[in-house]
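There's a structure below that I have some questions on.
As written, the chain order gives the labels A, B, C and D, with residue 1 at the start of each chain.
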Amino acid sequence: MEIGRLLIQCPDRTGIIAAVSGSLSALGANITDLDQHSSDPRGGRFFMRLEFELGDLGDRLEEVRERFAADVAGRFEMDWQLNCASLRKRLAILVSRHDHALLELLWKHARGELDAELTCVYSNHEDLRRQVESFDIEYRHFEVTPENKFEAHRQMLTELSERVDLVVLARYMQILPHDWVEAFPSRIINIHHSFLPAFVGADPYRQAFDKGVKLIGATAHYVTEELDQGPIIEQDTARVTHRHSVEDLRALGRNLERQALARAVQWHLQDRIIVDGAKTIVFSRQ
Amino acid sequence: MEIGRLLIQCPDRTGIIAAVSGSLSALGANITDLDQHSSDPRGGRFFMRLEFELGDLGDRLEEVRERFAADVAGRFEMDWQLNCASLRKRLAILVSRHDHALLELLWKHARGELDAELTCVYSNHEDLRRQVESFDIEYRHFEVTPENKFEAHRQMLTELSERVDLVVLARYMQILPHDWVEAFPSRIINIHHSFLPAFVGADPYRQAFDKGVKLIGATAHYVTEELDQGPIIEQDTARVTHRHSVEDLRALGRNLERQALARAVQWHLQDRIIVDGAKTIVFSRQ
Amino acid sequence: MEIGRLLIQCPDRTGIIAAVSGSLSALGANITDLDQHSSDPRGGRFFMRLEFELGDLGDRLEEVRERFAADVAGRFEMDWQLNCASLRKRLAILVSRHDHALLELLWKHARGELDAELTCVYSNHEDLRRQVESFDIEYRHFEVTPENKFEAHRQMLTELSERVDLVVLARYMQILPHDWVEAFPSRIINIHHSFLPAFVGADPYRQAFDKGVKLIGATAHYVTEELDQGPIIEQDTARVTHRHSVEDLRALGRNLERQALARAVQWHLQDRIIVDGAKTIVFSRQ
Amino acid sequence: MEIGRLLIQCPDRTGIIAAVSGSLSALGANITDLDQHSSDPRGGRFFMRLEFELGDLGDRLEEVRERFAADVAGRFEMDWQLNCASLRKRLAILVSRHDHALLELLWKHARGELDAELTCVYSNHEDLRRQVESFDIEYRHFEVTPENKFEAHRQMLTELSERVDLVVLARYMQILPHDWVEAFPSRIINIHHSFLPAFVGADPYRQAFDKGVKLIGATAHYVTEELDQGPIIEQDTARVTHRHSVEDLRALGRNLERQALARAVQWHLQDRIIVDGAKTIVFSRQ
């Protein structure tokens, strides 16, 4: 038995669930999980995720998609995608020098806890090559200078566009050119501290320390044209006290970042996220 | 528009969601929330909760139930209930002398945050009369002695059976006779500390203190014939250190108890809980 | 045995703990709790809180203070206060129409869980009179209009200056004139949502909802001349998802606010907080 | 400047803090952190941890210890230890086949976040050799069979007694002979799920699943003669729902275990734990 996943959004109106579940039943599928959300039952937007079992879905994928489009999707003006779980998404990680977020992903991948083909790690530094290669993952170094920045990123994008479905910025400290967002819409995930917009600029943990905050946090989000303002996927916080030094805050922040990012990536890989304008619907079951 | 809630459990097989959603659509209902769970898609048990909008459901409730029974429920061997949200459940609270769990419920009820008719508070003591009556809630005192224990509880049960749909034990320190469980199956909710079976008997917080635990907890559950072993609805914990005195542990325990109990009661009132043998399915959206 | 509490801050240098503990021992006191912090052992600032037992401290309070000043405080250039726990601080609560933060404090006070004389509740509305008076607490209504705003607050301040040691703003929706801060330096505690500076202005929960945040929070802080920017005492957060409506966010926010505020107030009442410029040192043992 | 750490326990009485801090001051030490606890100021037991700065403490360690013993420790009947932070504890990890707790420690060590000399990893299996050796840590395989079990552990103990100060059981699935506890009193740390005594025996997560618990947890503790009942150092929990499969519970449990164990080990390495009979005092600043 193969597992299919269907993600839908459309204007809310009566009969959507009946139509979708009826269509899948007619195809012989057995719905094993269904989660849905309506922004407003009267005139709002409807979102749904289904998991279903269907024998030889991998072979019949195009046929199933065509049937679903013809039967249901057009009638309800749906944005939708229908994927087969056994066709795992291909993933690249971009990293600079901080290893914490990268290592969490490598470790989970090695344990089989990440539903992805981890294709390669790209970096603008050589620092982490040995750690990455010890997991038998390809490490690609692209030197990025102020002069070659545009060209280097164009070359990386050319490579990645053919190789992967999802790009994860695991503390990649360069700003990606806009054509990356066009090439990977809602398919680049970034992680940063979550003080924004409070502590803009350099050394946010120093700023937070000076302000005497009692909480620090991390935010994982999709990358859009607006820097660090894309749809939030996941956030987490930890309590701090006057006893935490700036370095303690940074260490706690690293721990929050690696865990929030790993959850966000896993949810994307499992087709659990629908982007709704500036927001996300996360059918995460947590 | 009135809101209906449908809770279902039955053997899992293909087509249940399509049949249920189709039947509701045919009645003119608009499904606004659906949550489901299968213990195993192959030969397991299927659980579902739906919320739907249907004009004049309050007036047509019996008709809608009959239609659902005839169309779907029989065919899939369903245990089910279909309720109208505007017909709020009637609630009684039993309490002895501890006021924390009681007050949380009274307070939430007064704020309109509890979807119930709070009918009355019964107690085997007079202590809390003034607090309860200040909320304009009836306070019934039943003296319970070793001698009259059986008779007093029989009389209380006779009264409550006619007056309420749900009984909440907010630190009621008497053991209820078995006929209560028969009269209110999966409709009596209790709260206790969650050390069991570790610290049985008197003064569990003293025992926990002596053991040096770093966590304490509270458990809300349905009452069954087996004392304090009924299906768990909700649990919560708090961290403690060597600095917490026994009295500190008790105060933290009270705080956990009042919050865990309030959540469990609210979930029951909103038809979010299905009892599955010794366990619960809680469609709590949290 | 009476309990004393000593709060100290001074430039850090060698020998402070030995001097302070030696001085208290010489007075016959038994130190039962000591917590301290240094911003930097070399040239930083030192902070300490001690609890000690000393018979008839209440009667000897002035003598003990004089001895401590002469023996130790002057030599180390200390800012300090020495209080007797049995002389409980007098507390006033200011509130407008939201009752959640107020009720938590009233409830804890009624249970004996707040180490204060709760003197009175002041409000610019009549709405909460009945709830407050049911706790046998005086309720003072001051009508505040754009025209009389300055005069009304002057009159309130005149009354409160004589009556209380601590003012708690439990969702008081007026901006206090600056002379309040001078009259009650580091002795006015406020609570607000903790999105700032992200969601300034009206209806922050609506703004947070539109942004799709996955966390909301509350911040308790001392009031300074700079609106909502005084030293943070306590913060707390709760996770939210796309399923939470704006009203759900507000309800969760109320729950965070009442708990964060109650903790902050209790820490102040127990002499656990030292203000260090824009920050707080909270010796909270949690 | 070197950092010293002093851990003390003794019968509580007046003047301990003054005597200890006075003695350290007389030695020229600057106390930078002090935490203390009394089980009862009248007739209870007193516990204290101090950090202090003292030039060339490493060279003068024996002298400082002798002075402290003569000046203070004898007079107050203290159990105590005085260590120099720069002399890091030597650590061995024992593991069987589960890698999660091991890897967390290896990773933290590699990042410099573990204040230990990680000397070696011992295992009764070959499975994890490659992972361990990729961190440049020695991997020692001891085959353990029912027949050679006693002899193998004796040989391991002989080796470890000379090599390390602390033994961490990172999911080592053999029961250690009693002479280990004698050789490493309060110096062997173990991790296990924290359902005990509820779910004794095989497959506790299956038992917890069948019971429908809403929380799972992990407990790190010192090993004593009584299996899994030694003094608790740290506990942590995570919420679960009906949606979590047995395998999900196991994965969450692994995550709790690796984090609780890492915290417990770090606190031991930093001399933050005092064993008080069946309990621990953890001066963890969290």
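Note that in this section a contact is a pair of C-beta atoms (placed from the backbone, for glycine too) under 8 Å apart; a residue touches a chain by one contact, two chains touch by 3 or more.
These numbers come from a predicted model, not from an experiment.
**Q** Going by average Cα coordinates, which chain is farthest removed from subunit B?
**A** Here the answer is chain D, farthest from subunit B.
**Q** Which chain pair is joined by more contacting C-beta pairs, B-D or B-C?
**A** Taking the two pairs in turn, the one with more contacts turns out to be B-D.
**Q** Roughly how far is subunit B from subunit C, going centre to centre by Cα mean, in whole Å?
**A** 37
**Q** Indicate the whole-number Å distance between the mean C-alpha point of subunit B and the mean C-alpha point of subunit D.
**A** Each chain's C-alpha centroid was found; their separation is 42 Å.
**Q** Can you list the residues of subunit D that touch 2 or more other chains?
**A** Counting only residues that touch two or more other chains, subunit D contributes 241, 243.
**Q** Going by the contact rule at the top, pick out the subunit C residues touching subunit D in the complex.
**A** Against subunit D, subunit C makes touches at 13-15, 17-18, 21-22, 24-25, 28-36, 38, 41, 53.
**Q** Which of the residues in subunit A end up touching subunit C in this complex?
**A** 37, 47, 194, 196-198, 210-215, 217, 231-237, 239, 241-243, 276, 278-282, 284
**Q** Going by the contact rule at the top, pick out the subunit A residues touching subunit D in the complex.
**A** Where subunit A meets subunit D, its residues are 99-100, 103, 107, 111, 113, 134, 241, 243, 251, 285.
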